[in-house]
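In the two complexes that follow, chain A is the common piece, with chain B as its partner first and chain C second.
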Partner chain A sequence: MIPNPATSFQSDDPSVAVPATRRVEQILFTTDRRDTRPVIMSFDDSSGSRAILTTSDTPDALDTAAVAAILAGEALPEAGRRPPEEPHYEHHLTLLLMPEIDPDATQIPSSALQWAATNGRPGRENLVLIAIHGATIAWAPGRAVLMAHPSRIESVRLALLDFCFYEAELRSIEDAVSLGWPNLKRDAPLAFEFDDRSVGRRSELSTRFQRVVALRCRASQIMPHLNRPAIHPPTLASQIGERFRERSRLESRGDFVSDQLEIQERVYEQCGQRASDYMIARKENLLCWMVVVLLGAELVLLLVGLLASTGV
Partner chain B sequence: MAMRTWKVAIIGGGPGGLMTAYLLEKLAASPIDLTLYEASHRLGGKIKTMSFGSTPAPYEAGAAEFYDYSSIDDDPLRLLVKELGLSIHPMSGSAVVMDEGLLSNLDDVRECLGDAAARALVAFDRSAQDAMSPRDFYAIGESYREVLPQGLGCFGELLEAIDEPHAVRYINRLIHSDLATEPQNTSVSYGLQNYLMNHPAYMRLYAIEGGNEQLTLALAARITARILLQHRVTCVSRDGAGRLRVEATHTDSTGSDSFDSVIVALPIEHLAALHFSDPVLAQAMQRHLDHHNHPAHYLRITILFDHPFWRPMLPGSFFMLDRFDGCCLYDESSRNPGSPHAVLGWLIGGSSALQFGQLPDDELVRLALNSLPSQLALGRGHVIEARVHRWLHAVSALPGGCTPLPIDRRHQPDLLHHPNLFVVGDYLFDSTLNGVLDSAEHVSGWLSDLINAGPGVLL
Partner chain C sequence: MRFLSIDLLRAAAIILMIVVHFVENLSLLFANDLSVSQPAAIAWLPSGFAAPIFTFLTGVSYRLWVHHREDRGDTALAITKASVRRGLMLIGLGFVFNVLIWLPEDTFNWDILTFIGSGLILLSIMRHAPPVILPMVSCIVLALTPALQSISDYPSYWQEGFFNYDLTLFDIALGFLCVGYFPICPWIILPMAGFAVAPLIFSGTPHRRLSVSIPVIVGGILLAVCVGVLLAYFGTPRSSAWQLISGWSMLPPSTAYLCGTLGLSMILLDRCHAILDTTSQEITPLGIVCRTLSKHSLSIYVLHHAVHIWPLWAYGLLSGEEASHFWQKAMPASAALSLAALFIFLCLRLFLWMDRTGRLGIEGWIRWLCD
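== the complex of A and B ==
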């Protein structure tokens, strides 16, 4: 069942509520259940993923320095800002939170926009800027700036995290599918003809088939969340979630990646079928030869016996 | 041996008449001689895209938008728009301005109207969705049958059952301009339909790029019918051969012609002015009128400004305002992305439209400007030009009548004696453009079956 954002956008742990001052948060989306750091939210998507706050949950001097650096257009201070190398991590998000009481102050400073925009690969990722009903959010993969009234910022942050997680999941599937095309081009002929020289590639093909199936499983798990219906009456959080899903084309991207995975799956399924048919045929061939040899041997023995009985 | 040509008259050059002509020509397998009478100098009826005099800024003076049901099932109007090669522009808006506060979502409702109002609104929304599923909503639009149990009373009674006055006022303001009547004057079904149309799972809104009138222009361009503009049909009678004779006045002269079939595609207010000389037919038409005549009203005030001062506060295609008992403000210039113009259109409905419609245009423009919330008061000094369009008695407050009749009976008031006279109208379905297409499809399908099955060759 898809959770209703109007009711489900509440922090798992009250201690990780948004503080009243500006701060930078490092958030890790992970499936590692051993991580004991504060959980901001859990995702109901069968993978058991959670959003974990990897920075301290209270603002400190380091936060002040990080905010000042971003707003001054400088690089983020390194110490303590980067999460440690995680063997289980999946996606990271650095979030600049700017609680704002003045309803007219809805413009995110250009230095913060610049900071958010410069995270992605050049020429590929675009900054999405949404200003809606008093909340302004700038997002690019891996970085986001959120400005909203303190009373609304918590629910908007959770809606943003929800979007960021599923977008990152989809992007990782898209990247994995893209990497699969060169292999597919090489492997596609084996879906038609499999011969003795190809036998050594069986385990390689099997690994790729399993990889494609795993990607397809993950895509089908997140698809209901990409196609989440609009809720009514809307909340600010649900409106922001919808706008982000719409602007980043999650639904159609999900459809495209499913189509691509279907093609890859079909090719590797055919390769598996050909390989299996070939191996069975080879075994049958071997068996036939063994039968021929045995029959030959039997014939020879019969001839020998016959000759011996006739006293030749 | 000569082919027999079926001679058909369509009275009314609005969307209903044009759609019927288009579909009839498409469906009929034998040649038809089609004549379309239109009393005014233009085709299109309630679909009317206009421009200001001082600058070519377009705006909708009539039907503001189209309803898209395609997320539930086939949407014939959406398919027709596609078939005609017209591009569409989605429309959206959820903001309601109440007591100077901007309510864009449930958080705003909770903050401005209180927790109790937000809870009451959510409870009403749930019960509305429970009472009418998207499939029921679609079925109502498709056949205009009552999907809810009879005896529920009027929509006003349903709202009175909500014990939170702020929530009632919010719902009233939200739907008033679409309803075009007061809740006590309409059915529970129609009221719920107008409430649920704000829910994206039930339907979406769109406009046609270049103006909604592109639809009727495209239909008019594709039909081969003889179009008689400024020909007001005054009387329909039966001639000696059992055919229907249509009398029309043009300038000062009166002419008449006989037809195998006549389709009356007029709004209910104009239908009342048509004379039927046969007493049996006149009685049948009077019964038809009595059943369907539940007038609702619209008033449109459209103002051209020198810049779109409202956009930072109110993005989207439209928003609701609590003035005039609840009216809808369309950002007309948002229909054409990249448009340099700034046009706001007030759509006032129901008894307010009737009451304010009596005032002179200048006074209406002044009232409209004064209705802007204080945050937008700045815009009052930036007016370039204003236009007023009155659509009084133009739609039905109770489409289908108190108890909707079977579909065939709705379209053929006197089946026994005048089986060759049909009526088409939005008031027979759901008072929408989708409804008028359903009506046109029904009649054109029926008549084309008769034409295709009849003696196609005259010896």
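== the complex of A and C ==
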């Protein structure tokens, strides 16, 4: 049974408690255990990932300036983001928290929505907006705006972080799988035939196979969290998690990426098999050639001896 | 793609060969043997490098040609077929050459053309072998050769300074294997070594002047072996068996001679490639000369024999003697040397003109027939 962090997590660290005023948080999802910054939540995940608040030391004045900048529609410096070449277990989230006491005020300012929707990745402006029981959340990969009553905002934030982490994990796997297709196209012929010229590519193929296996492992680890069943009785946090998973199609995407990884894994597995068979055959071939050469040498000696003794 | 390093070395080997053949066929013979103490004979010793360098480069060129064909997308079978056709063509040309130049009684003297043809066919088979097999075969051949020469009584075929055989299957087969002018054992070592080291030399980037490559190391070891056994040769009593291993002799090719010439060929090619071969399209006048001589090496080989051997035979017959009466005594060495220089000059002009006018030499016709 996979526990639902959105219902069970409460941060023990007072330094990460949600403030009563609007603020921007830079959150890092990382597996790095050496990072001593305040941990917002830990994930029930074999990689040991944690959500770390990276802007906890930010003076309030700066924080206020960041909120003002977002609401004014200005650009906010983004936390460092890695290019998606390799699968990695480190993701960033910039979260704008807007505690709202007035229960009728459920509209997130359009400038904040626009900021969340423009996450710096062209073609990825897939903003998901959810309003439920007085809490309004706008999310796009890497950015989110959360507006809720101060008494609920922490549990909603944790549910949001839980979703963001697994979504980011899935997205990084999807990116890595997409990047693998051109290589796969080049390597696919080697799954059928391996020759002498391909011998030099064995380490390359091995690396790619290992990478695909690592991605597959990671995908299989996060799949239970993507297909998490609805809990009963529902809570605000659990409903938010379910809605986000549904709206961002995590389950289907997880299935698709698993299928794609299976294809890549199958090709590289066959490449590995072909390479291994070829190397074994090559060793046998070498042995055969050695025997042939030695027999040839013996034959020449015998022939010359015979010719010399018979002909001269 | 043509490499200046290969063209230069092949041109040097051809010039050396022309000089050697003119001088040795028209005047005196300096044996390639360190036991000859005359200063002129010692000065003549480098002449022994012509054939080894040329045959070594045959293996190198064949490897590059195979790579070129593979890159072009030709199948292994097509490459083998073309190789065998070229080999058979060279063997056939070799026999025709022997009959026409050396007269019918020397048809089976197993000269360099028949050797290169046989070598091509062998290499076309051996190219499928794992890389370690070629050095292994070379070492076995190197080790077996003195034994084969001893078993077959090599000196008995060379009592008059040329390969004197009976027209029997035994002598013809022995000539091909180990007692002819260029028998498979041990001469196959050279093209085989060229074939094996070509990727080591030509896969690297040119202009690596200071780096020490594997061919240089192997070549250095072979030269050291050569020098070592030569020193041992001078310090020990000389027996005929010992001479087969450690004497400096081309006929029969001794172990020291093979190691020395092979080592030097490897080092020269590697260094020349490192220093001379560039990606620049510009070609110097020296490069043009080397390229022309290298490109038409087969035609030059046939032509230079025809030019100096046929008049020699004709002169003998016109004098009422045997055709070969004036062989090695037609003129003084200096005159033969001058004729060789004149031939090289005229030959160069001829082939430059042929290149300019698009006329094919013997190589061109073989390529036209075999590819």
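One rule holds in what follows: the second predicted complex is superposed on the first by the 268 of 312 C-alpha atoms of A that agree within 3 Å, B and C clash if a C-alpha of one lies under 4 Å from a C-alpha of the other, contacts with A are read in each partner's own complex, and residues count from 1 in each chain.
Everything below uses one rule, namely that a contact is a pair of C-beta atoms (placed from the backbone, for glycine too) under 8 Å apart; a residue touches a chain by one contact, two chains touch by 3 or more.
Here the structure is a predicted model, which is why all the values come from computation and not from measurement.
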| item | value |
| --- | --- |
| Which of chain B and chain C A:L303 touches, first, second, both or neither | second |
| First (chain B), second (chain C), both or neither touched by A:R152 | first |
| Chain B versus chain C as contact partner of A:P234, first or second or both or neither | first |
| First, second, both or neither for A:S248, with chain B first and chain C second | neither |
| First (chain B), second (chain C), both or neither touched by A:T30 | neither |
| First, second, both or neither for A:T94, with chain B first and chain C second | neither |
| Which of chain B and chain C A:Q260 touches, first, second, both or neither | neither |
| First (chain B), second (chain C), both or neither touched by A:H133 | first |
| First, second, both or neither for A:T55, with chain B first and chain C second | neither |
| Touching residues (chain side chain A, partner chain B) in the complex | 6, 131-133, 151-152, 155, 229-230, 232-239 |
| Interface residues, chain B side, partner chain A - complex | 94-95, 102, 104-109, 111, 121-122, 125, 129, 198-201, 315 |
| Sites on chain A touched by chain C in the complex | 282, 285-286, 289-290, 293-294, 297, 300-301, 303-305, 307-308, 310-312 |
| In the complex, chain C residues that touch chain A | 129-130, 132-133, 136-137, 140-141, 144, 147-148, 151-153, 156, 168-171, 173-174, 177-178, 185 |
